[in-house]
Amino acid sequence: MQTLLDLISTARVFDLAQPYYVGMPHHPAHPPFLFGLTKQHGDYIAPNGASSAADALALGSHNGTHIDALCHFSCGGMLHGGIPAREVQSPGGGLRTYSIETVAPILRRAVLLDIAGLEGDAPLAPGYEITPAHLDAAVRAQKVEIRPGDIVLLRTGWAQYWNDAARFLSQVCGPGPGIEGARWLSSRGVFAAGSDTVAFERVPDNNMPVHVHLLVESGIHIIECLNLEELAASRVYAFLFVAAPLKLTGATGSPVRPLAVVSGE
Amino acid sequence: MQTLLDLISTARVFDLAQPYYVGMPHHPAHPPFLFGLTKQHGDYIAPNGASSAADALALGSHNGTHIDALCHFSCGGMLHGGIPAREVQSPGGGLRTYSIETVAPILRRAVLLDIAGLEGDAPLAPGYEITPAHLDAAVRAQKVEIRPGDIVLLRTGWAQYWNDAARFLSQVCGPGPGIEGARWLSSRGVFAAGSDTVAFERVPDNNMPVHVHLLVESGIHIIECLNLEELAASRVYAFLFVAAPLKLTGATGSPVRPLAVVSGE
Amino acid sequence: MQTLLDLISTARVFDLAQPYYVGMPHHPAHPPFLFGLTKQHGDYIAPNGASSAADALALGSHNGTHIDALCHFSCGGMLHGGIPAREVQSPGGGLRTYSIETVAPILRRAVLLDIAGLEGDAPLAPGYEITPAHLDAAVRAQKVEIRPGDIVLLRTGWAQYWNDAARFLSQVCGPGPGIEGARWLSSRGVFAAGSDTVAFERVPDNNMPVHVHLLVESGIHIIECLNLEELAASRVYAFLFVAAPLKLTGATGSPVRPLAVVSGE
Amino acid sequence: MQTLLDLISTARVFDLAQPYYVGMPHHPAHPPFLFGLTKQHGDYIAPNGASSAADALALGSHNGTHIDALCHFSCGGMLHGGIPAREVQSPGGGLRTYSIETVAPILRRAVLLDIAGLEGDAPLAPGYEITPAHLDAAVRAQKVEIRPGDIVLLRTGWAQYWNDAARFLSQVCGPGPGIEGARWLSSRGVFAAGSDTVAFERVPDNNMPVHVHLLVESGIHIIECLNLEELAASRVYAFLFVAAPLKLTGATGSPVRPLAVVSGE
C-alpha cells in the first residue's frame, strides 16, 4: 500500500467534470438541474451561536458529466443480453437489470483520442461525424495503444461551449461517431466510451444507432459531457481513469466526477 | 504511469457508499430522496426499434453517503476563516465561499478506527459518546498511525441499520464523538473525519459542537453515512481513500461514493 | 352573499382534474412527477405520542391537468404583445412577463364541446384533426352559445387513457384542433381553450401552430390534460369554470384542479 | 346556472395565497421550493420560428399556502378514525387513507376572525397564544356567526412577514391557538381552520397538540400560510371559500390558491 500512496501523492490529477448550476445545459429529454438552499445561515441559531445552511437539488441522472447504465437503451424491446425491457421496469423503481448501482467503481486504463486536435484544435462542427479514419489517425498521431477493458474518450472541443447552453446543445446537433466509429470502438473491446458532448454520438439521429450498438449490442458504457480540455492541452493521452457512479437504485445513469490520474515524475 | 496502473489492477477496492432508494434514511432537516422514470422503454420507439428509459431524482446534498463542505456550518455568524455567512449566501445560488465545488478530488491516505470493533463489534448504543480514550485505544489495538492530511473514519456499526430507516435515524440520537473526540481529531491535523451515522457527532445536541469545531474552527470536512462494514471485517485499517464530490455550484455538501483502495499482494 | 352561498350549497360540482402519481403520463419535453414521503408516521414520536408524515414532490409546471401561461410560447423571438422573449427570461427566475402568477383566479363561464360525442363517443383517433366544421356541429347539436371571455373545452375522449401512459402520449400524436380550429376559437374572443389531451393541438407538428396562434398571437390560455368524461356523460355543456393557478413566480404554467359548477334545481 | 354566473360576474374575489419563489419561507421539516427553466425561448426553434420555455419545480406538499390532509398527523400510532398509521403508509406511495386526493373540492362558507385586528392590528408577537377569549371577542366585535361545516380563518398579521423568511419562521416560534383555542374550534363543528402562519398552532411545542386535536381527534383540516391582509383590510368577515387541493395521490397535503368570494352590490 505504501507504494500506491506514494505514487498517488506525486501523481497529477485531472478533473474531467463540468460544474452543475441552474441554467447549465441539459438534453431536452432530461429535466433541468434545480438547486436551492433549504435553510440559510442565521435562519435557526443554536444557543452556542451555531447555524447551518443546507440545500436541495433535482436533476436527471443524465444531467452534467455522467455515465450511462447499460439499461438506458433497448432495441426491439430487448436490453443488453436479450432481457425484455418491459418486464424489468417500473415507473417508481426504475430498472431491475443493468441499472447503475450494479456498476462497480471504475479504476481503469483510459485513452484520450483528441479528434479536435487532429483537425486544428477548434471545436468540431455541429453534425461532424467521427469516422474510423479519424480514430486511426488519432491513435497514430498520439502513439497510443488501446487495450481490451480500456475506456476511450473522444475530444470534440465542445466542452468549451458548456457555459453557453444553447450552443452546447445546438438543437441537439452535436459532433460524434456514427455507427462505423462505434463499431471501431466495440471491436477493441473497450469497457466504456465517452466524449465532451451531450449525446456522444453524432446527432440528430432518432435511431440513436451508436447508443444501441454500444449499450445494447456490446455492453459498453457511454460517458457524456466530459471536460477534456486540460487533458488535451497537457497532451496526456493514456492514464488511470477513476469514476464512482452513485448507487442510484434502478437508475439508468449517474452523475460522476471522473478523474484522470497520471504518475508524476 | 505504468506502475500506477499495475498497482491499481491488482488492488482491492472497497465501496464505502450506501445505496440511494426511495425510503432510504435521511436526516429530518434534509429533503428525502425522490426517484422516478422520466420515460420507460417502449414509450417512444424509433424506426429501428430503439427505445430508452431515463430517470429523474430530487434529494438534499446531505442525503446518503456524502461529504460536508466547510460552508455547511457557521458560528456567531461566521464561516471558517472569519467570513460573514450572510454576506456570501443567496437562496437560489447557495454559498459563494467554501462551497463544495471548490473541493479538489480527494485521493488521500485514510485510517479506519473501528470503535464498534473495540467494544465487541455490535453497533454502538444510541447516544454513545466516542471519547479520546476510545480513539487512543483503537489506534493502539489496530497499530495504525494518523498523519497530518489523513482522513479518519470512525466505525460505529450503524451502517447495518441503513435499511431500517427509523432505527438508523433513531429520532436523530446516534453515537459519535463529542467535543473532546473532535479536538482529538483536529489536533492531528486531519483533512476530513467521517463515520457511518447520519450526523457523525453524538446527537442530539442542538449546538452541534463537533460540526462547529471541525468545519468552522478547524477547516476539517465531515463525511457521513459511510458503509464501513466490509472494510472492518477485512481488518483494513489504512488505505488510499478516493472520493470526488460533485461540483454542485454553491452547495454545502455533495453525495459521494468513496472508495478505499489497498494494494493487493 | 347569502344568495351566492345558497346557490353554491345546492350546486353540482364536477372535478375536471386528473390525479398525480408516479408513472402518470407526461409530455416528453417535461420532467416526470416524483413523489416520496419526507418522513413516515413513527419515525419521530413526540412525548404525547404525536407523529407525522410529510412528503415532497418534483414536477414540471406542465404536468397533469394544467394551464399554460402566455409566456410559454414565442414566435420569431417575441412573446405575446411583441415582447422580446430573451430579454425577460433567466434560467433560475423564469419569465418576468406574462408568467403564471400574473393570472388572476379564473371564475368564468365555460362551454364544453363534445367532439368525441359527435362522432359516436369513442375517443378520437391519434392525429385526428378537429376542424371548424366539427366545432360548428357541436355548437348546433348541443344548442350552446359561445360568448367573449368564455372558456371552451374540447372533449376528445382521451381522458380515458390517462392510466395507460404510453397510450395517452401515443408518441405525442394526439387528436386536437389544427390552425383552422384555433382560428375558430380565437375569432370568438375566448379567454382560454382546453382539452383532455397532453398537447391540446393535433400533434405531431413541430411548428406547434395552435400554441403560437392562441398564446402568442391571441393572448388565449391553453388548458391540457382535463378530465371531461363525467361532464360529457351528464350532458353539462355550459357552466361556471373555476380554477386558481398556483402563483409560481416566473413559471410558464401551473397545475390546477379545475371545477365545473352548475346550479342544481 | 344563469343566476350563479351572474352573481359570480359581479362578485369580489380575494386571493388568499402567498406566491412561490426560490427563497420563500418553508417550515424546516419540509423541503424548500426549487424552480428552474427546463428550456428557454430560443434554445430550440421550429421552422416557423416557434420556440417555447418550460420549467420544473420541487417542493414539499406543505410549502406555501397549503391544506393538510387528515393523514398528516397521528397519535399513539393511530390516524383519524383509529386507523393504524404504519399499516397504510409506504415511502414511495405515501398514505393510502385520508390522503389529500380524497378531499373534495372545497366550496364552503368561511369566516375570518381578525385576532390581530382586535389587538391594534400589528402582527401578533412570536409565541402569542390565541385563546377562546380572543376568539369570542372577535366573533362579538365582527358580529359574525360560525356554523357547522364552516371554515374559520384566524388572522395573526404574519402574512406581512412572508418576504422576510427568517422573520416569518422566527425559529418556528409563531403565534396561534393552543389546545383551548383548538377545542373552541372543534366544538363548533368546523370543516377546516386556517391562519397566516407556518404552523397554525402556537409553536414551538413538540407535541403539536392542536394538530393532533384537529386532524386526528376531530377530522378537521388545517390551512397554513394564508394571506389574509386584504380580506381584513376590507372588513370581509364571512364569504364563500373556494379551494381545490391538487389530487396528489397519497400526499399529506397540497398547495392551494384559496379564494374568498363575496357578492358585490
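The letters A, B, C and D name the chains in turn, as written, and every chain counts its residues from 1.
Here is the rule we use: a contact is a pair of C-beta atoms (placed from the backbone, for glycine too) under 8 Å apart; a residue touches a chain by one contact, two chains touch by 3 or more.
Since this is a predicted model, take the numbers as computed values, not measurements.
J.: Taking a step as a move to a touching chain, how many steps at least join subunit B to subunit C?
T.: The distance in steps between these two chains is 1.
J.: Please state the rotation angle, between 0 and 180 degrees and to the nearest 5, that superposes the Cα atoms of subunit A on subunit D.
T.: 180
J.: Just to confirm, which listed pair, A-D, B-C or C-D, duplicates the contacts seen in A-B for more than half of them?
T.: C-D
J.: Given that subunit B and subunit D are copies of one sequence and touch, is their interface built from the same residue numbers on both sides (over half shared) or different ones?
T.: At the contact between subunit B and subunit D, which are copies of one sequence, the residues are largely the same (over half shared).
J.: Count the C-beta pairs in contact for C-D and for A-C, then report the pair with the higher count.
T.: Greater number of contacting C-beta pairs: C-D.
J.: Relative to subunit C, which chain has the most distant C-alpha mean position?
T.: B
J.: Quick one: report the Å distance separating subunit A from subunit D, using the average Cα coordinate of each chain.
T.: 45
J.: Between subunit A and subunit C, what is the separation of their C-alpha centroids in Å?
T.: Those two chain centres are 38 Å apart.
J.: Averaging over Cα atoms per chain, report the distance between subunit C and subunit D in Å.
T.: Going by mean C-alpha positions, subunit C sits 24 Å from subunit D.
J.: Counting only residues that touch at least two other chains, what does the list for subunit B look like?
T.: Residues 22-23, 28-29, 31-32, 34-40, 42, 56-58, 60, 90-92, 165 of subunit B touch two or more partner chains.
J.: Can you list the residues on subunit D that touch subunit A in the complex?
T.: 22-23, 26, 28, 31-40, 42-45, 56-58, 92-93, 165-166, 169, 171-172
J.: In the complex of these two chains, what residues of subunit A are touching subunit B?
T.: 1-5, 7-8, 11, 13, 15, 17-22, 29-31, 34-42, 46-62, 64, 71-77, 79, 85-86, 89-92, 94-95, 101, 104-105, 107, 109, 206-209, 211-212, 238-240, 242-253, 255-259, 261-263
J.: Subunit A touches which residues of subunit C in the complex?
T.: 22-23, 28-29, 31-32, 34, 58, 60, 90-92, 165
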